[in-house]
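Okay, got some structures for you below.
In what comes next, chain A is part of two complexes: it sits with chain B in the first one and with chain C in the second one.
== the complex of A and B ==
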């Protein structure tokens, strides 16, 4: 079975993964502390554009990846809108009480969830696991023990997907009724886990048999350094944040500058 | 000669088991020797191999004691499961992992990786996704990454148990080439390709004691009965089987299945095409073809696990009106564990019958009969996962055919089985065929095709390209005479 998705590797793939991680985590916290909805909307839009054109994935894949985050956006925004507090009532029906304040707060929270989701997507879509863990070992001194364990686990995922498919067929063949979330989970989880645990233990033994010690001196097949794309990366995100802030403050969509 | 490995009075016990696995076992192996460890499954050969390498107790903690233990300093170990010895996604990265562990300078790595791939005869680009390799190629890659450690001693723990014939051959050819000048210690059940390579055989008994130890040819001929009784695949095993095989009776019955311009789809793509084919009761059809040709897809299409179009008549009616299909066709997967749904062997057999609401008395009767037929009486209360490889396979077949289906689809059912289990399984299938079932079986094993199949379907590039009666079988069958 083929789980590969055709993609074009953009320059974001070439940036140092550790640096990218740090920059995006910093942005993550920055987004938490933006209280001006105008700025936040701009940030979200900018990240959305980057998500669409900077990750190199085809449009249909992007659509399906984005869909759950869009649903999170709608659900957080709407629940905040309908059950929030405020003085300027727009609409009231039973428990539902929409006020101007709660409406804008809802929009704000929704965009915040969206921006955080997009940051995560951009990072995970443009970072290959092998360079990421090599970089974490080289730049952030992650212990090889953890790095290679993660990489081994990543290798197990496609194997598990194939097994999942096979179990599905096997259960159909036996005439197992395809209902009941709990019994279904048990039917899939037990064979999948028993295989994976055994396989993981064997891989661990095989790794040690290849003189892997988990710590100590080692050389690296890939040396992950820094280059011009790292400057681009920092510049891009700095410009993005500055522009979002500038436009948001000077050309606001709405007159509220702080939703608190 | 210098000793590569020496063990004096080894005692070892697995936690939770009663009794020692080894009681005062002593063994020494000289440098450059090629040794084959033989014995029944569960006798501790693999454990001993792990003790010699130091995996026990360094990586796997098992209580053990020995008066003297000399282990090699530089060694490499190839394991049985091709999917459970790599930690990196790409071939070059996997070999590099071993080089990194030895602190080989980075600039030397690409050259060495290419040389190692060359050495094991893998003609692939170094940066190839391991997931796309066949089992035989994966095992040779494992060998390459082990050779990156520059070992003096090679430990091979059933490296071809999960490979087809072609992969098995390629792996042993490679081992013969790269093993020159090294000490090689092998545990293996399929010894046809190994016998002319090893110079010494150590034969273990069921209790973990050494029965015989000496020059390979001598041990093999002196202890052939013991070796045969343990289900080991030795050269000439099929000839011996033929001598004991009983008569086969002909049974060509009514048409069970008819296909006409039949296609099976994965996603939007047609992955298998059958122009025309029929299957009659009493036929044994071997589906053969290269890896990835579409043999399993054909079975999936017949079982309606994937979308199909074209004509498909089953037992005289259109397939769409034969729902649910598992009442008419039994399907056996390559890995028996995937199919298990119950918590004991008994319940596993009863599952399909209970689902159909058959009366309890009938269920009891059927189960008792199947337990006996498939030699699982003693295991009836065990959890299916606790069974041996052979027992699991037998149970998966028994549980699939329990509903009295006329048509059996089997995807490499003899894969990874020892000779004894293979013969037992084939005999069971044969008895069902004689009673009027039809068997469609994917297999790589020409020996089985030659002896059991009445017809062969050849699948190539996603299409059934040849449907041939096996001439060697036909006259014998027509007379109902003796086999051979």
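== the complex of A and C ==
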């Protein structure tokens, strides 16, 4: 996504978007099947380092981007710690019941949430939408009518934001009372959605006239292929996972090797 | 002239995706709210979880074609991902699974019923999809039984209220604006009027 933020485009931006998506989805499932907290902590740390130095964003932006992930980490971990089941009780107060098992399980799923979040953030920070959809069409054979619809919809976003502002001003000028969550939601949602649907239908007519819906062979303005950065990408993540696994198994931080 | 293609037409796809992207923004904004409500505890956050299924319900109600529920949920979650969701890649995979389960419910009714009951069932389907993912991700089975029951109850009720009841009322309000005329230029009432 293009925010107006100064950033340095690192080599991760140059890797093939489809390949990057596939690699990261595979890592996603790999992380789901890690049950050793030592390995998972290493994976999270490695991804955090990549997030800090691989995405090319300035430190203050990275901080604000990371903050919600930290909150997810804390909330995921704490709810499991306080209300999970276990036999070795550490602390009990009313419904809150902290046990050794639930504590480590909480730490584990906290780090898991963190690792999964970082995977997605690394992807969305280093991938521009236009090359992504062109690559999906060329490498993964996504039908052009889907890909171009996505791209057109992304282009409509700024118009929707403008409309949102316009509705807000209009409601203020008319002195519409600013209360009632449900009625307020409808006051915004109905005009925004109906206008968007009308606009989408008009654009669809234009796109159909220009054969964007055709199923024949087509050429592309941007040709997206593979290069040396794709090899780097695969090598980097393979090395990262292997190192995390090796260090986690041979030099553990805690003696638990399976939290299940 | 354009040959008749199978599956969804470009107009259906584009409209579905545009609706979905609007909800993608709401999904993204919903995340901090969810976290804030979660801080209250007692799984109150689960009551608002259902918002993350509404794109599939609404797209199904408006466009009424096979596949739009799945497409809408995928599009909304990828919109959320591109905007930098705090759950990252997870939302896309959750979106696929949730959309698939909602779609299966609508398919079971052969895409012929568009009332609160069927849409609520679709929301329940999506909830089951989300729970399957949670099961793999978060060891939710390790929660104590009373806690687990509260968690499930809150999520199902929230889903039915938001993605079932609220989605139907939104769809009805949108029908009044006339935007659905393009897909359904003549309703059954119109034909009945001719036969009178």
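The working rule: the second predicted complex is superposed on the first by the 254 of 260 C-alpha atoms of A that agree within 3 Å, B and C clash if a C-alpha of one lies under 4 Å from a C-alpha of the other, contacts with A are read in each partner's own complex, and residues count from 1 in each chain.
One rule holds for everything that comes next: a contact is a pair of C-beta atoms (placed from the backbone, for glycine too) under 8 Å apart; a residue touches a chain by one contact, two chains touch by 3 or more.
Nothing here was measured: the structure is a model prediction, and the numbers come from that model.
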After lining both complexes up on chain A, report clash or fit for chain B versus chain C. fit
I'd like to know which partner A:152 touches here: chain B for first, chain C for second, both or neither. both
A:204 in the overlay: touching chain B, chain C, both, or neither? Say first, second, both or neither. both
Touching A:72 in the superposition: chain B (first), chain C (second), both, neither? second
Which partner does A:221 contact after superposing on A: first (chain B), second (chain C), both, neither? first
Answer with first, second, both or neither: which of chain B and chain C does A:212 touch in the superposed model? both
Considering only touches as defined above, state whether A:194 meets chain B (first), chain C (second), both or neither. both
Max touched-residue count on chain A (chain B vs chain C) belongs to chain C
Name the contact category of A:175: first (chain B only), second (chain C only), both, or neither. first
After the superposition on A, what does A:125 contact: first (chain B), second (chain C), both or neither? second
In the overlay, answer first, second, both or neither for which of chain B and chain C A:39 touches. neither
Quick one: smallest Cα-Cα gap between chain B and chain C in the superposed arrangement, Å? 5
Which chain A residues are contacted by chain C in one complex and by chain B in the other? 129, 152, 154, 194, 198-199, 203-205, 207-208, 211-213
Which of the residues in chain A come into contact with chain C in the complex? 1, 24-25, 28, 32, 65, 68-69, 71-72, 75-76, 79-80, 83-85, 97, 102, 105, 109, 112-113, 116-121, 123-125, 129, 145-146, 149-150, 152-154, 156-157, 160, 186, 189-190, 192-194, 196-201, 203-205, 207-208, 211-215, 259-260
Residue ranges of chain B in contact with chain A within the complex: 53, 55, 58-60, 76-77, 79, 81, 83-90, 92-93, 96-106, 109, 130-131, 145-146, 149, 300, 303, 305, 324, 326-327, 331, 333, 335, 337-341, 351-352, 355, 385, 399-400
Chain C to chain A touching residues, read off their complex: 2, 5, 9-11, 13-15, 17-22, 25, 31-32, 35, 38-39, 41, 62, 71, 75, 78, 81-93, 136-139, 142-144, 147, 170, 173-174, 177, 179-180, 182
Contact residues on chain A for chain B in the complex? 129-130, 148, 151-152, 154-155, 158-159, 163, 166-167, 169-177, 187, 191, 194-195, 198-199, 202-213, 217-221, 223
